[in-house]
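I am attaching a structure below and will ask some questions about it afterwards.
Which chain is which? They are A, B, C and D, in the order written, and residues in each are numbered from 1.
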Amino acid sequence: MIIVLKPRITKRQENSVLREIRKLGYEPHVMRGVARTVVGAIGDEEKNPSLEKLTTWPQVESVTPIQSRFRLVSREAHPKNSTVKVGRHLIGGKKMQVMAGPCSVESEKQLMETAHAVRKAGATILRGGAFKPRTSPYEFQGLGEKGLKLLAKARDETGMPIITELLSQKHVDLVAEYADILQIGTRNAQNFQLLIAAARTGKPVLLKRGMSMRIEEWLLAGEYVLANENAGLMFCERGIRTFENYTRNTLDLSTIPAVKQESHCPIVIDPSQGCGRADLISSLCKGAVAMGADALLIEVHPNPAEAWSDGAQQITLDGFKKLMRELKPIIKAAGRS
Amino acid sequence: MIIVLKPRITKRQENSVLREIRKLGYEPHVMRGVARTVVGAIGDEEKNPSLEKLTTWPQVESVTPIQSRFRLVSREAHPKNSTVKVGRHLIGGKKMQVMAGPCSVESEKQLMETAHAVRKAGATILRGGAFKPRTSPYEFQGLGEKGLKLLAKARDETGMPIITELLSQKHVDLVAEYADILQIGTRNAQNFQLLIAAARTGKPVLLKRGMSMRIEEWLLAGEYVLANENAGLMFCERGIRTFENYTRNTLDLSTIPAVKQESHCPIVIDPSQGCGRADLISSLCKGAVAMGADALLIEVHPNPAEAWSDGAQQITLDGFKKLMRELKPIIKAAGRS
Amino acid sequence: MIIVLKPRITKRQENSVLREIRKLGYEPHVMRGVARTVVGAIGDEEKNPSLEKLTTWPQVESVTPIQSRFRLVSREAHPKNSTVKVGRHLIGGKKMQVMAGPCSVESEKQLMETAHAVRKAGATILRGGAFKPRTSPYEFQGLGEKGLKLLAKARDETGMPIITELLSQKHVDLVAEYADILQIGTRNAQNFQLLIAAARTGKPVLLKRGMSMRIEEWLLAGEYVLANENAGLMFCERGIRTFENYTRNTLDLSTIPAVKQESHCPIVIDPSQGCGRADLISSLCKGAVAMGADALLIEVHPNPAEAWSDGAQQITLDGFKKLMRELKPIIKAAGRS
Amino acid sequence: MIIVLKPRITKRQENSVLREIRKLGYEPHVMRGVARTVVGAIGDEEKNPSLEKLTTWPQVESVTPIQSRFRLVSREAHPKNSTVKVGRHLIGGKKMQVMAGPCSVESEKQLMETAHAVRKAGATILRGGAFKPRTSPYEFQGLGEKGLKLLAKARDETGMPIITELLSQKHVDLVAEYADILQIGTRNAQNFQLLIAAARTGKPVLLKRGMSMRIEEWLLAGEYVLANENAGLMFCERGIRTFENYTRNTLDLSTIPAVKQESHCPIVIDPSQGCGRADLISSLCKGAVAMGADALLIEVHPNPAEAWSDGAQQITLDGFKKLMRELKPIIKAAGRS
């Protein structure tokens, strides 16, 4: 760590800082600059406590850690891209994967109609919410286990693996019994107990970015999955919260090269949550594919105006078909299949 | 709800919108303005589905709900201030309450020393973390049940009720056995399953604001507590995430009059998380008191530089004593005792 | 406008609102709903004063305007895409334009070397700052007129039109004498006096998005250009300010479909300012092209480590050549040439 | 500056970094840590170019400056509080100053009525906009010189000095002729040419915080004033832009202790812009006073519903009188008069 001392402190004040640095397990290394004295604290930041607390001392101006805080998710730890196998599909490989389906599972008819349509148009994985986190307790909370059973039935009929959200530690066994991929939603992205429980099921985990999570914090949340011996981690960008209100969230597509640079895990883009407007989804998908996303997660509904949740951001079956057709040349240009 | 139609749509397109509005349970009421046609949809927004999904229709420009989405937390539902009783203390009454103690419980010595000192200086409730949510899995995660036992011991010795964080549905019974107030942290503020479980213990719940939660969403999260038959809800502002990096978060003190205006529940201010810097805490406490906060939640540590978590924002025992002395005239000027 | 009244107000209080609405030039239209009374105020919001001030009245809950506030920039006003002619190039047409060059003009050697290299690699317009807005008064402020002269010389040698920033009303004539496109920077995006002065030169204007401007505000700032009889307006997204610190700004690529939908003006993407990191630029350019951007604005320097400003986000001459090669298939897949 | 090198780079790559550091005027100082090699670059960061550009080199992980970038505004440069004299009033001294008046000057009647009322209630300085920066070109842009003349007349009648906004370099002489304090608005807070021109008039300058300015950037913008030999600089917090939409902006009251700590200049709080809602202003004023603000800037209008600009945030004459009465005990408790 790098400790910058305040100007004009006494020798005694400086020494007390050096003593504390040694006490906390580091070897101080003093550099006297033009305007400030800087102390390099040599030692393993992973093993020793952080020195950031020294900023409460009146003689210390700032403390900066040197080592990055994530390990297992980092590219340093695993220089090649890692891939996640789901059914016979590989996420993170040469083939672009498309996860599509309704925001919420509402009925057998709605789900089956959607599942068949998206598969025919080219989707490879079926999405659908059975348990829904809703801002208000008075909104539709999902069909629960009944929804999971419908998803399993749709998998049987179409051959598509299913991804669905896990939002309670109490549902871990139940959801893991049905799902092929466990989705951790934005509101639970730092619900570390849920992350640990999800990881321990051994099922692949798709970790959405929290709506105000910095990239570093997101990677660290992913660390909770890998550290619990589950290698099937995927990151999913779904928009961050900003001052803009034309879109529901601001989809941060720079996460595609950023996550690829810092980590070996696949990156998935969710344009539906990312903008909250059906009319922008096609363009965002094109951008995501061109930038190297490994998969897309798209909300599709036979009749969005009557959807039980998040209707404004779901596209129609025809809209999805058209989108898949338009994406083809971009997928090819991006070197994917 | 108010539906604004796009300009230059056909009569047929307009009619199909009116039909859908009726189908969803509202009575449409057409107003032809200078540049746009606006439809008022008369009906109970609490009972009928939202019309916001109509924005996916090409002939609709925007949809605006009219009714506020929260009920039980609203001032409309309960015009007088509500109060929460904890031991012999009343939060939300004339007396200003101060909750103080270490970020994490680290040892018996650290906790007892802090507890006695803060009580002597004027604190009325003891805070301390036994389970800690940490951004990295490699950071100290709290003493767990051992920490809860130490808190209970400190309560026995000092007579102060205790507040501690609940972060897992699995710990609900355990934490509720020891704590007098259950704290829901910022990362779990929209972990609705945890909110429901906390509410059902019957213990008072202090709900921190999520770091990117709008005030309306925070009130709606509180609705999950009241709707599960727990009247002991308190809101706690702890700073929101913004672009500013001088402070760790931006403490939004305008929540004090805002929550008081919209809701009847007490509002507590946490300046320690709110700025993340020990040197700003005294000033923020003064502001909070003058603005009408019902309680403060302050992190205090015998030696912040050696704290096991969040050292940079904890103040010393002497600092706390000085703070309490400085707050006195402001508390009086604010009409509190 | 739509005025929502508070519940439980008296008939007299309601009438005083209706009277004020009439006084301000609108015809009130009352709708009694289940929980609230809503008043539609029929009248031309462009000509009459806003009713938003009624929110200061105790009997009014909210006021919502109906008409969008921009006119000349809107697609309603001009349904087809507009194009901007610069030299023999058309921005907003089928051909993708690339503006490239150094952040600041530093010397004849640096500029000429860059200009020739970017032209050879495929750039069509030369960028370079002569007057630089710098956060600190102690940083390099640009070569001023000498820089403009060097740009003119580079135009003569390479045939590329030049774009350069205008940051003072005092420099309007001077900069307009040399530049082919006037760039208004992010810090001046709501410096309306400068916008008006720039518009009146008759030169094309590239309006960068302010770092905390909503899309609506950006379009309204553009309205200042069109309303001053200059049709050569281009919008340029350059990243917004958010809590993320991995990148310098968050490049909001959803502005491409958003601006295309709301406006007829071309949209340009600046990935260099947008992320502030040379290593992400290639990926962001690919996304921008696939999403339909009309042009790119890229910072290129012969030796970024020795650049006099913003070195961290400039790419090398070789890097630019490689980028242009990689963009080709995406440009083609996006239906551009 | 501190340069962190990437792990596993060759000796030759390391040497080329050290050579470049020397070339740019610093003496490198190598520290080999457990996971990384860190180079301290010893030299005057104020005189030498920044090394941040080295982050474009593949062997460099990060670069961190050590010296703060502001000088004349810093407390280091001037340990005591500075004060600004305006007429017979001192801003930054023991007496709390209150600047009050309408958002825009609309008519002689409106201004005189307001001026007399606020003076009687205790205001010491009169505010009023003659030139108004408006988001849309179709909104009222202020009375211009006529407004300035009315302000001068109000000063003659009431004895109160006047503060008014300067928004164009072209108006500098005109506005300086009438105003006692030049206000630089949030949209021009980084319009450095305007700041320089304002400073050179010699009149006191009140610099509002840009709506997405970090505190460091704000202080640096203030540096443009002091560096142009004008010691009459005041900072004014007026809310920052965040995701919250209950308030128009988020008033960041932590700037009071922050600016006091980093700088010697007075700090003024503008709660009217800060929240955009008349109903929260009283509470925010109380907080600001308790936290040590040197002055308040409050919008007051005889009839806010008919104001020509920003009606929703202006309080009535009676409201202002009541506010001044309520502030008294807090002003006293804060040790002010």
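As a working rule, a contact is a pair of C-beta atoms (placed from the backbone, for glycine too) under 8 Å apart; a residue touches a chain by one contact, two chains touch by 3 or more.
Predicted, not measured: the structure shown is a model, and the values here were computed from it.
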{"item": "Higher-contact pair (C-beta pairs counted), B-C versus C-D", "value": "C-D"}
{"item": "Chain located farthest away, centre of chain C as origin (C-alpha)", "value": "B"}
{"item": "Chain B and chain C, separation of their C-alpha mean positions in angstrom", "value": "38"}
{"item": "Distance from the mean Cα position of chain D to that of chain B, given in whole angstrom", "value": "30"}
{"item": "Geometric centre distance via CA averages, chain D-chain C, whole Å", "value": "25"}
{"item": "Touching two or more other chains - residues of chain C", "value": "46, 212, 241-243, 245"}
{"item": "For the chain C and chain D complex, residues of the former touching the latter", "value": "20, 24, 46, 49-50, 52-57, 69-71, 133-138, 167-170, 187-188, 190-194, 210-212, 217, 220-221, 223-224, 227, 241, 277-278, 304-308, 311-312, 314-315"}
{"item": "Chain A residues touching chain C - in the complex, by the definition given at the top", "value": "212, 214-216, 240, 242-247, 250-254, 256-258, 261, 274-275, 279-280, 282-284, 286-292, 329-330, 332-334"}
{"item": "Contacting residues of chain B [partner chain C, same complex]", "value": "2, 4, 7, 29, 31-36, 38, 40, 42-46, 64, 66-67, 76, 241-243, 245"}
